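Two complexes, one shared chain (chain A), two partners (chain B, chain C).
Up next is the complex of A and B:
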């Protein structure tokens, strides 16, 4: 296995569709909840410990070999907003496409055939990480980091925020990303014996409500 | 229900494969790019009107922040609504057609699956700058649309769109006298930038309309299906 595979998968330029999504940041900007670097940091912290933890645990569990279909159903159950479920499947399908070109494997082909319209992105992320020879913690790191880096990049575009300030937010959150990954990996190990119900179900109601509002806008920069 | 248990064929293609999972040849994909307001959507609409009776076709639009282009095509009723799909691009139209084409690939594949078989899919980029080009993983050929009112120095300035597109369209030639654009100079500059690659001067308000571009599309399609 290659350590550098982790960099390939975690690279923000990995062509898996993330650039068109703000992770709820567009709504939060419109609602006045993100106005600068400080409120971006609070937003990202909240997202990391809720949706981020849940996504990281799903990804780690997929690396450990839990059933993709069961994990996908578990992700559905943890995502009340239909708009967010749609976005997660779309992104899962896009990630799978990029991954099948990058790390061709029968396992990825099988997931594509079973979920032609996409499985939840964190679940796909875990399967992809395993195919690339990465560990459960690696997959959790990708999911947790992406959950804060996506909104940070989007806010640079939405508010013309200084990109150095946005990146400094990510730097300050890094130790918390480590802790979330520890929790996610631990929960995924428990889920191997106890099933998907052992996975965290932390959610952020405002993200879910905001996603539904956002989906109805006629004019928006991001798909979610 | 999102799960398709009866999916009989292999998994979807990765990107530019000429065959669909069931072995049939996929539709020809032609991209249309160019600066904001140069007439990309008007050209797509005119092409649809001219070609829809002889070909099975569909359109993907890439609006930057609205669904205006898709809605214009729907309002003009150039195609039935199920043949028009809008892709959202997260403030970066060139990313969606060049650096990360996954959303557009899904749109073209879904169109083929849902309203196919299709002969031709037009992928229209959101208005962008002169460096925006389509990935070869997304389209088989690309048209770059500029207009005389955007300045007659654009062909001279070049850039990847003007220089490398399979067809350069200089649109709104009827406006040239009013904006002081020198069509002969634009033609000479384009020739210098593009050597043998074709250039079409077009006015959609004139009698010929989109006929020259439509002829070029038919030639590409004949080569694709040969």
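Up next is the complex of A and C:
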């Protein structure tokens, strides 16, 4: 299997619809909680250690072969906001569509048939990574990185932030992404023996609450 | 109580609520231990009431507290506490633990409404709350955490709240804050300077036929239907008093 498959999957231009979502950054900008590079960095750091860790562990667990339906239910329980559950399923469906064209396999077809409305994106990401011959850590890296790169890119548009500054934020967070991936991969290994309850459930109250506020707006730049 | 040891105090309290067959609820098991004393208080109608009385302040570092309550088929139990639970720094090394296990059988109803948990500067507490509600069971559970006493920096507080209905997970949430918690906990994605965080979870079989619509109940308060017959109110506030006001209003909105 190709190592470069990781680059294909992690590429922001992979046509899986992620660019339409801000990861909660749009609502944080409106509320005045993200005003520049420093607050963007704190936002991304908080998201990485909560929703990012949870997503990375779900993705890694899917690579290790945990039951997709159980992981999807675990993702539901870890996502109290219906707006975020909806966004995660939509993103999961879009990712699956792009992945089936890229790495056709009966396993991906089976997930599409079982979840016509889409499964949670991190779970799909794990199944896709496995199909592409990637490891649990690779999948965790994709999930953890995406959880910070999404808001960073969105804030460039929302605040006209200098793209160099946004990229510098991602550079400074890189060592923390490594640590989150280590924790996620470790938890996923434990879950193989102990079941999905061993996966982290780290949550960010403001991301969940903000997503519900955002979903009620008549006009918004991003879908979530 | 196993006693005070070099590793802290261990105490477990147990409650079993049983329908007595005459329309009321009896408490065949009501066992407090050490700092977790239990008092039966005046109930109303079919409901039995229990108050957890903190006979000692705590938990301190190294302590391990546990409470288990079982509500049997058709029984109704309401549990509150006489005062806030205060996590304090201790002589013993390591974190303190507080584990709550709640089981509600079919046709049973549990109102679990303790006072706030206050994380004092220098304390280190890990709280787990695990609830299993059988199909046809009912639950109202409130959890409030206050980070630091007035004007004080918080201690380290980690918590995990897991709720299952008919064996399926409907809510699984972990929160970690204070010194030593993973970065960004007080930042714009997580708490953004709020010092009180609360959750109110309501499980009712009727939510299957009449789902609740998600709505905002305040700037930092959202009412959300979960993936199952349950609703969560998630709230952030500047302090414990404001948090309680918001959660009381939310419970009123859900019809008590």
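Everything below uses one rule, namely that the second predicted complex is superposed on the first by the 224 of 224 C-alpha atoms of A that agree within 3 Å, B and C clash if a C-alpha of one lies under 4 Å from a C-alpha of the other, contacts with A are read in each partner's own complex, and residues count from 1 in each chain.
Assume contacts are C-beta pairs under 8 Å (C-beta built on N, C-alpha and C of every residue); 3 or more make two chains touch, one makes a residue touch a chain.
Since this is a predicted model, take the numbers as computed values, not measurements.
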{"item": "Contacts of A:13 with chain B and chain C, given as first, second, both or neither", "value": "first"}
{"item": "Chain B versus chain C as contact partner of A:78, first or second or both or neither", "value": "second"}
{"item": "Touching partner for A:105 - first (chain B), second (chain C), both, neither", "value": "neither"}
{"item": "Which superposed partner A:135 touches (first chain B, second chain C, both, neither)", "value": "neither"}
{"item": "Partner chain in contact with A:167 - chain B first, chain C second, else both or neither", "value": "neither"}
{"item": "Contacts of A:219 with chain B and chain C, given as first, second, both or neither", "value": "first"}
{"item": "Chain B versus chain C as contact partner of A:48, first or second or both or neither", "value": "second"}
{"item": "Residues of chain A that touch chain C when the two form their complex", "value": "24, 28, 33-34, 39, 42-50, 53, 73-74, 76-78, 80-83, 85, 176, 197, 200-209, 212-213, 215-216"}
{"item": "Chain A contact footprint on chain C (complex, rising order)", "value": "160, 162-163, 168-176, 182-185, 187-192, 197, 214-216, 220-222, 224-227, 232, 234-236"}
{"item": "Touch list for chain B against partner chain A, complex", "value": "2-4, 7, 10-12, 14-15, 64-67, 88-92, 95-96, 99-103, 105-106"}
{"item": "Residues on chain A engaged by chain B in the complex (per definition of touch)", "value": "13, 15-22, 89-90, 93-94, 97-98, 100-101, 109-110, 112-118, 154, 157, 218-223"}
